[in-house]
Every structure is written in C-alpha cells, then in structure tokens.
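I've put the structures underneath this note.
One chain, subunit A, links the two complexes that follow: it is found with subunit B in the first and with subunit C in the second.
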Partner chain A sequence: MRRELVLAVLAALGAFVAALAGVALLLQILLASAPGDAADLISDDPVLRAALVEAWRLDEPVLSRWLAWTVDAMGGDLGESLTYRPGQAVTELVLPALARSLVLVGGALVLSLTGGLGLAWWTAGRRSATRRLVQALSVTPVFLLAWLLMAGLNEAAFGLMEGGQIARPAWFALPDEDSWLKTLLAISVLAVGSSALGEIHAALEDELLRIQRASFVEALRVRGVALGPHLLRALLAPLATIAGGRASFFVGGLVVVETVLHVGGLGSLLWQACRLRDYPLALGIGVVAGALVCGARLASDVARITVDPRLSRAP
Partner chain B sequence: MRASWLALGLVAAMWLLALVSGYDVVGDVDITHASAGPSAAHWLGTDHLGRDVFWRLVTGSRAFVGPGVAAACVALGLGLAAGALAGWSGGLVAVACRYVFTVVASVPRFVLVLLACAIYGNSVWTLAVAAGVAYAPTVGEEVYARMQAFRRAEFVLAAEAHGVHPARILGYHLLWVNTSRLAARHALQLFAFLLLVETTLSYIGAFGATAGFGVQEPTPSWGNMMGFEWGVPDANAWATAAPALALWSVLVAALGASQRLDER
Partner chain C sequence: MARKTFAAAALVGVALVALPAAGQGLRYAEDLAPAIVNPLFTTTMSEARVNELLFSGLYTDDQDLATSPALVAYASLADDQLSMELSLKPDLRWHDGQPVTADDVVFTIEAMRDDDTLSTEAGRVSWIDEATAVDSGTVRLTFTTPQATPEDKLYFKILPRHAFDSTTVSRSDAFRTNPVGSGPYRLARFNDDNSISFTPHSTFDGGVGISELVMREVSDKNYQAKLLLYESLEALVRVLPRDLAVLQNNRKVELYPYQTNSWWYVGFNLERAPFDDVRVRSALSMLIDVDALLAPVGTGEVLSGPFVKSSPFYNHDVPYDGYDPGEASRLLQEAGFDNSSGAWMRDGEALTFTLNAHQTLESSQEVVINLQSQLQNHGVEVSVDFLDEAAWKSRVWRERDFDAILSQWSFDRNEDVREQLHSDGLRNFGGYESERVDELLDTARDASDPFAKKAALRELHAVVAQDQPMIFLWTLDSYAALSTRVSDVVIHPFYFFTFVNQWRMN
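Up next, the complex of A and B:
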C-alpha cells in the first residue's frame, strides 16, 4: 500500500514537471510565431535589433531557445526586463509580486471553498431557489463586481467626508497598493465573481447529495451516529479536486482584479508587461502562472491520494 | 430555459440591427445634449459626449457576437478533432493529445488570451482565436472521455460487424449522435467566456493608464461604455447601468441555457 502511495505521488510529481516544461515550450512557440519576429515588434533600430536577436537567441530554433531558457530558469535567471524596468532582472520583479498574488489566490480559494461548502451544506436535499440565486449573482464578472463595490465604497466615503464624520481614507480615489481593505475586497471579488462561488457551490452540493446516498452513510444513519464528521471526511477528496481545478481561474482573475483595484501583484505586472511589450517579463510571468496552476494540480493530486489511498490504485 | 433562449435571441436581433443600422460611431457626438436622461429621441439617454446610449449598446454587440461564434468554431473544431482522434486511436496518440490538452490548460485562459493579444496585435479576432484555443482542451478532454466510454460499446461493435465504414462510425454514431449536445453546451459556455473576456479587456482598456487592449473608443463595446463613464460627475445612470445589465443578462442566459442542455 505504502509503495503504491509513493509511486502515485511520484507520478503526480512527474506530471507536474512535464506540464511545466510544456508550458515554457508553448509560450516560446507563441513568441516565435509572432508576425515578423519578436525583436521587430520592439524596435526598428538595427543596433538594438541585433542586440535583441543575440540576447533572445532569435536566430536559433525554438527548441534550442527553449532549452537554453529552461536551463537559465532552473538557475533562477528568467532574463531581464526590456521596457517595464529596463535592465532589471525579471526574477526581482516577479518574486515580490508573486508573494502578494499568492495571498489573493490563497485567500480566494479558502473563502470560495468555505463559502461554497457552507451553502452546499445548507441547500443539499432541500427544495430551494438558493442554488439558482447564488449562480445568477455569482455570474457577475469580476471587473463589474469590483467596480460596483469600489463605486459604492467611494460614494459612502465621500458622503461621510462631506459630513465631516471621517478624514480622507488612504484608499479613497487613489491607487493604494498596501491597503488591507483593497486586499480583502480583491479576495472577496475573486472568490465570488465570474461564477466562482456558483460553480463551487453547485459541484459541492452534487457531491454531498451523492455521498448522502452512499450505503456507508445509510449504515451510519441506522446506527444513530452523527453524520457531519463522516460527510466532511468524504468531501475532502472532491474539495481537493475542485480547489485544484479552480486555481487556474483565480490565477487568470488576478490580472483583472489587481488591475481594476490597483492592487500590486503578478496580474497587474503581466498587464503592464503585455501593454509595454516587455516579452521577457511577460514570458517569465506566464511560466510562473503556469507553475502556480500545475503546482495547485500537484497539491490537489497528492491531497486526494493521501485522503483516499484507493485513488493511488486507479488506472 | 425559454427566458434564456429569448435573451440570446434578443442579442442576435441586436447584432442584426447593428449590422443594418448604419449608426455612425464617430459622428454621433452632441455635446449640447451631454449626459441627458432617457427621452423619446434617446431611449436610454446619452453619455457625457452626448452620444446615444441605446445605439451604442446595440452597436456594442458587434464586438462579441461574431467573435463569440468564431471562438466556438475554433474550440469545437480543435477539441472535437483532437478528442475524437485520441479516443478512437488510443495508445501513444492519446497520450500525446492529452499531454497537449494538459499543457494548454495549464496556462490560465485569460493569461493566454492577453499574451496572444500582446504578440499578434489587439483585435477581437485575435481574441476569438486565442479564446477558442485556450478553451479547446476542455472540449477535447470531455470528447476523449466519451470516446473511451463508447469505443467498445455494443452499438459500435454491431456497426463494425455490419461493415459500416469506420469514418461513419466515428463521425455519425460517435460524434454526431453522442457529442452534439456536449458541443452545443460548450459553444454556449465559450460564447459567455468570450463576452466576459472582451468586456473585461475593453473596460480596463478604457482607462489611460491601462489602455492597450480590448475595443478602443470611439468603437463601442459594453465594457468600454462602462469604463468611459467611470467617475464622470452627474453622468446619466443608464449610460453605465444599461451595458452592465445587458452583460449580466446575457451571461446568465448563456450559462443557464448551457446548464439546461446538461440536465436534459
């Protein structure tokens, strides 16, 4: 049994490495397939162009470019920023942003999973319109939700300031990247908007109904045992699957929520990198975003195998 | 269900109206009627440049209806072909196809679309193709699972025993009969996804500090209509409420219709 578990974890780890290598190759192919070449998009200056061709190995095939980039990346070198912060190492820009974004993604995962679980617990097996209502409200796009909340907060703060009841808050009408209120707002918006909460609630409710019909639950019910802890334990594997799948949407949502709410992080950095055509920076962030998604999938696989060892024997 | 299809029909009607109306997005500026409320001349009032909100809302549907259909074609074309190939062939072909699905799905869809727009240029058609490619693995994995389930099913074995050509078994018995509802569901979900991405990019792109992607002024999009009115003092509330409500309604309708297809 223990050997099977170790093998399953190793297989998940192998899948993580293979997927991450594939992501780096996919993004290199995307850059290589740009009309003209990537250096043409940056500058017409022949001297700068020649320097870019050499620095990015544009005269080499994509595979050798990818191999060289991967070897450098394994040593912590993701290249240098070109237009956003010219000359600065991409790693220096990405790591602090990643730390801030991890708080948002982690917070949104915890909030949406606990919220979805609470709602599923409440609505499972009942005839209620709650599921439809949650889904309809949760469909609201992240940017619209952020916009509505910010507009509401600004109006309320403006009213209170005019009445002399409060002094001007730090976040009012100005970008304030360190504001805890905006961080909390970003986490909430990410956890609810663009169908996040609705889909998690629906998936967990379906799982809960499936588990409630299982024969072991019937047996526990007959014996008069409290069902709660057993249902929660049986829900751990589906929760891990949902969390692993949802991480990709939250990482993508970072771009929107950080840009709209002016919260610094990986998402707003990617927006600026794409806007300024800073390809080394965009490539680095793209691979880090892929690593986050693959990492979440790996964590989800390992958690599922640990919680339910039968899964390690699955074909 | 009926309400969902009615809402989607309304969007199609708006799109047709936008195609034939000949509304001038550049010339429709009347600063003397800026931020006016709804009236007989302007059903939803005007924005802060005096432009008719109703006609901009109608014309804004062009930013996502055509690209939404194109994105669905790309995703279904790639996903159905690769999923069917993997499920029918099995072995190394299946491993290779599923590896590609995993790799593409490992890059968040919004990130892939943004990178594609940065590299290939900002247009709704780039956005449509990128959204289609980003969504294709979801379709491919589901088609693969279905093919795996039915590859050795009795009706397939019976068709093979009757000498039916493999291409007909794959194309009609497996794909057409067994995945058409799946394809319709994903087409609706992808339409909603494209609307979401297009309005989001256009909303963020409406601000000077973050401009660069999405539909740019003066061409209307439901996203940039909202962004353009942000922070305008004494603005006509309908100039932002109308696109916001329309966006929410179409998303609810598309996702609602796709769920009903799933339940039937």
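Up next, the complex of A and C:
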C-alpha cells in the first residue's frame, strides 16, 4: 500500500509541475493578447516608451518570455513588479497576499463542508423546506452577496450609532477597516455564494443516502449499532473529493470577494496586476494560485487514498 | 421597535470592541494607491497629490492661483530673458534634517533630463539649457529661448541630492518607498491595507495644522461618499454628481466647489472618412443637444473651444453653434449624404461609427448612452466600446485605432494645449493639422508679452472652433467634500493639497 501511495503522490507531483508550467504559459498568452501593455501606462512619449519596452522585454515573443520566466522561477525568482509597485520583488507582494487568501479559502472550505454536512444530515431522506432555502440563498452570486451583506451591516450599524444605541464598532465601516468581521464575511460569502453551499449540500446528501442504503449499514442497523460514526467515516472520502474540487472554485472566487471587500489577497492583487498589465506580478500570482489548487487536489487525493486504500488500486 | 431591538441585539454580537471617536487625523480617499512615490515618475493624479504633500517646488500657486515663491526667496531675470538667478530661502530643511541647497535644485533638473532616468517629467525642464549652483543657496538657470515668466514653469518638485547615487535614477530606486522631501508632510509608513500615513514636517515654513494625514485606497468610487457619511473618511477629492444632494444635506459634511481647467469633448479621428470632412463633423455637433447631455451628469458650462470659460484664453466672441438639426441636415446633404431611408447614407454606406470611452471617466456611461440615443434619433448609428487604461493608451493614443472618442482633458493653470492641437503634438491623436494653429501655438509658446500670448490663444480658439477637430462639450463644476471637523480649507483645483498646511482639525 505504501508503494502505491508513493507512486500516486509522485504522479500527482509530476502533474503539479506540468500544470504550473501550463498556467504560466497560458497567462503569458492571455496577457500578451490583452490590448496595451505596461509601457503604455507610463508614458505617451514614443522614445520613453521604446526604452521601457526594451528594458521590460515586452517586445520579445511570448514563448521566449515564458522560457526566461520559467528558468528564473525555478530558481525561486519571480521577478519584479513593473507598474503596481515598481521594483518590488513579486514574492514580497505575493506571499503576504497568499497568507490572507489561504485564510479565506481554508475558512470557506471548512465552513462549506461542515455546513453542507450538517444540512445533508438534516435533510437526507426528508421533504424539507431547508433544502429549497439553502438552494435559493446559495444561488446568489458572490459579488452580490458580499455587497448586500456589507451594505446591510453598514446601514444597520450606522442607524444604531446615530440613534445612540451602540458605540462605533471597531469594524465600522466595511470594507474600509480590517477586522475579524470582514474576514468572516468574506469566508461566509465564498462558502455560500455562487451555489457553493447548495452544491456541496446536494452532493453530500446524495452520498449520505447512497451510504445509508449500503449493505454494511443495513447489517449495522440490524445489530443495533449506532450508525453515526460509521456514516461519518464512510463520508470522509467523498468529503475529500469535494474539498479538492471546491478549492479551485474558491480560489477563483477570490478575485471578486477580495475586490468587493477590499481584502489584500491574491484575488484583488491579480485584478490590479492585470489592470496595470504588470506581467511578472500577474504570472507570480497565477502560478501561486495554480499551486494552491494543485496542492489542494493533491492533499485531497492523499486523504482519499489514506482513508480508503482500495482507491489507489482503482483502474 | 421589535425590529430595532433585534437589529441592536444582532449588532451587539459583532460590535464587541468600540472605538473612540475618530482622532485628529484626516483620511482621504483615492481610487488607486500611488504605485510610486517619486516626482520623477509621476503618472497619476493620486501620485501628484501625494507629491504635493511630500515635496516642494521652487514656485507654487497662491490662493488666487498666481505664481508665488515656495523654496525661492527672491529671483532675478536677466534683461535678455535668457537666464535667471534664484536665491533659496535660508534654513530650509529636508524631512531627514539635511539643509536644502542649490545642489539639490541642479541635481533635480539633471536627473529629469538624464536620458537613462526615463523620467515622465523630462518635458518640464526641456526649456532649461543649464543649471549651475552659484553657491549653496543660489542657482543660475540658462534657457534655450527667452523666457518672459520662467517662474511659471518652475513648479516641478525638488529632490534631495543626498538621497541618490547619481542623476540616473531608476523607477525601482529605494527612494520610492522611503521618500525624503521638503513639503508639509513626511511619509510615516505604508500600511498593510494599501493606505499611506503622513506626519507633519516639523520644520516646514509656517507650520502644519493637522497632525496626521492618511491616504486610503477605496477602489469603489461609488462607496467613497458613503464612507464620508459614515465618518470613516474626512475628505473626498471629487464628489460624483449623483452624491452631491446627499452630501449637501448632511450636517457633518461641507462641500467645496472649485473650478478645474478640465473640459470634456468628443474627438474624431480625422484620418478616417467621413470625419476628414469638416461638414460632417460640424453636422454631428449640431445633432447633439449638449445641454441635454450635461443635465444628468452634473452642472457646468458648455464650451465652444479648448479652454474653460474662466480662462483668459477663452474667446467669448466665438459663438456656440448649438443644437440645430436643420442646419446639420443641410451640411450632411452638402457632404453627399442622403437620409431618405431614415438613416444617413452615402455611396451605399451608412453614417455609423464606434465611440470609445474610458472606463474610469466618471459619468461617461450616462453621457455615452444619451449621445448614442440622440444621434440614433437623427439617423446616425453609434456603437460604443469602453476601454480600460492600458487599452485606451494603446488603441487611442498609440495606434490611433478609433473612429471617435469621448474623453476629458485636464490642465494645470498654464492651460497649454500645444500637445493636443499642434500637428506634432504627442496627444493630437485625432491627427488635426492646421498651419495657422501651429503658428499660433508657436507664438503663444515664445511670447514674452502675456497680452500677445492671450491674443494668439484667443485666435486659436476661433480657428479650432471652426475646424472642429473635436466637439467641445463642457467643463463640469467640481466639488470636494470634507468633514465639518476640518476648517480653514482652501483647495487647489489641480493638486488639491497645495494649501493643506493651513487646514485645521476641530
């Protein structure tokens, strides 16, 4: 079993490196095909522009830029920001942003999985209005959910402050002040919005019903054993699969949630980097985000195989 | 009542920590934090405003927007107007305590001119032939051509020589994060949330009234006014027209109107048919009801030429050819168009064009939609394409790949329209060419007599109004909004913070 696990991890690592190289190339192509470049944002003087284009190697073919970048990146050098924070090392910008985004993605995974599991447990096999309510709430796009919650909290707090009922809260006003509430709001929006919670709930409910119909559960039931721990253990593999898939979804949602709620994470930084045609920064973020997604899938695979070794032998 | 109690209970849960009332600092909003704090590389207004806080020039504006000495104590211009000697005020200090000297002035000019610096500000000193330090407090400048009022061009910010290794300065130089200036404020720190804190320069001439300034990045313009109402900000540089009424009625906010040298226009690509025909351009201008376009986006003054009405260069004798569909029809028919089918056609081709607008131009969506609708009602089909900054600069400025654009020009008080209208102008991307206009711009540039300059630019107004390379629209009334806790506020229409040292917090 150990050998199979090692082989599976090695295969996944190979796919991981290939995926990152692919992400970098894709981003290079996308950025190169966008109208305008970093030099356009600096000056309309043709002489100055030409000097910047040469200095920043903007006139080189995409493939050659990609190769040069990949070689540097393999040595740990992701380059320097061109326009967002000129001259600052991309790693200095990306790492603090990654820490903030990890909190959001990790929090959203925990919240959506525990919330989905709890709801699935509650609604499985029943006719329940909760299911429809969750679906209706969850279908709201994350940007709208974030904006509505932010505006609602601000207006309510302001009304109470004006009425003298509460003192000015430390988090007030969103999204201007950094606070635990803003982080919680971002996590909740990611975990619930754009159908995230609804889909996780539905998937876990299906799994739960499937497991409940399994023969081993029937045997346990006949023997009068408590089913809960056994059902939960059987759900671990599907949970790991869902978590691995959802991680990429949440990483994608960061762009919108972090921009609306003014969180300085990977998503909002990527938005600015693209807007300012800051290629090294956008590439750095893209690759780190790609690594995050691949890492989550890898962790999910490892978790599934650990929980159920039969999966490593599956064709 | 029950709902209020419920809301209070819900909020008590999240309002665990209460803050005292806002402190003595002033927080103002920018859409985008400055990328770089170095006057050699300024590209955005948010950077220009930060420069105004941190740095001083040799000259500045007084409250009447007349040239006034800043670092300079006195100056003497040679009789031939080809050189000038400037004596610096004594006891001037940089933020790090070092004295401000003539060497700093010479260094700044040389750094701006250094080809390897790639300064975006190089053009500001292109008229200076040489700068030399006569002694530690005196600078001598020589000019390439006679200059009647050179002090009007000595606004650029002075940098400390001791903070740099050479006149070749890189955009990534460490100065960008650790700037040293001689302005009213010094940069205290860059914060994690992209805000920047400033504290007073202790030896600034005349002192500073507000103990801390904070630039906050609020990328959503629509939310900036809300944050001012919530007392999370104390200043908005520019209020969106739709927020004016709400702020006007709030007792904690005061609005400060100011006149900017900015005007909106619809520019044509004169190298493309049918905009190469002045009759078509004139006709299109007469199909647009400018007053109706302006009404939804604010108040302002409709213009007939490339200056604002309060400018000495505005020619009030030039009539404004307003909305006149009848005359427009006549001109279009004269240009070979026919609208018997309801749409204007020539040689089987409809009169259609794409109007490009900048995504971040405030209220541009309302203007574009109204303009599209107005022209469509008169048989001209207009499609619209909004561009972000990089796409705008590349498509419109560099490649000139457009039919028509909706945009705005903003000027400092020199109102130099040379780059926009001279046939060699870098920003004349419509391709306008007029020998007479080139002559008048040269005359205005070289004039030592201010009356000669005024006469030339007024004539230019008349010529351009007739040629109509663009449809001049309006200058908008601008308002800043500040908390009533801030007093003694005087706003500079372009740099905003020029008089910030006089502001007080109550």
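Everything that follows uses one rule, which is that the second predicted complex is superposed on the first by the 265 of 315 C-alpha atoms of A that agree within 3 Å, B and C clash if a C-alpha of one lies under 4 Å from a C-alpha of the other, contacts with A are read in each partner's own complex, and residues count from 1 in each chain.
Just so we're on the same page, a contact is a pair of C-beta atoms (placed from the backbone, for glycine too) under 8 Å apart; a residue touches a chain by one contact, two chains touch by 3 or more.
Given the structure is predicted, the values throughout are model-derived calculations rather than measurements.
In the superposed model, A:10 makes contact with neither subunit B nor subunit C.
Of the two partner chains placed by superposition, A:110 touches none, neither subunit B nor subunit C. In the superposition on chain A, A:144 makes contact with subunit B only, not with subunit C.
By the touch criterion stated above, A:275 is placed in contact with subunit B and with subunit C alike.
By the touch criterion defined above, A:286 reaches subunit B but does not reach subunit C. Contact with subunit C, but none with subunit B, is seen for A:48 once the two complexes are overlaid on the shared chain. In the superposed pair of complexes, A:35 makes contact with subunit B and with subunit C alike. When the two structures are aligned on the shared chain, A:255 is found in touch with subunit B, with no touch to subunit C. In the superposition on chain A, A:68 contacts neither subunit B nor subunit C. In the superposition on chain A, the residues of subunit A contacted by subunit B and by subunit C overlap at 34-35, 38, 41, 259-260, 275, 277. Across the complex, subunit A meets subunit C through its residues 34-38, 40-46, 48-49, 51-52, 55, 80, 83-88, 96, 153-154, 156-160, 163, 165-173, 176-178, 181, 259-260, 262, 264, 272, 275-277.
The part of subunit C that touches subunit A in the complex is made up of residues 4, 7-8, 10-12, 14-21, 32, 35-36, 41, 43, 118, 120, 122-123, 170-173, 176-177, 192-194, 216-220, 226-227, 229-230, 232-233, 387-395, 397-398, 426-427.
Residues of subunit A touching subunit B in their complex: 15, 18-20, 22-23, 25-27, 30-31, 33-35, 38, 41, 135-136, 139-144, 147, 194-195, 248-249, 251-253, 255-256, 259-260, 270-271, 273-275, 277, 279, 282, 285-286, 289-290, 293-294, 297. Residues of subunit B that touch subunit A in their complex: 99-100, 102-111, 114-121, 196, 199-200, 203-204, 210-213, 223, 226, 230, 244, 247-248, 251-252, 255.
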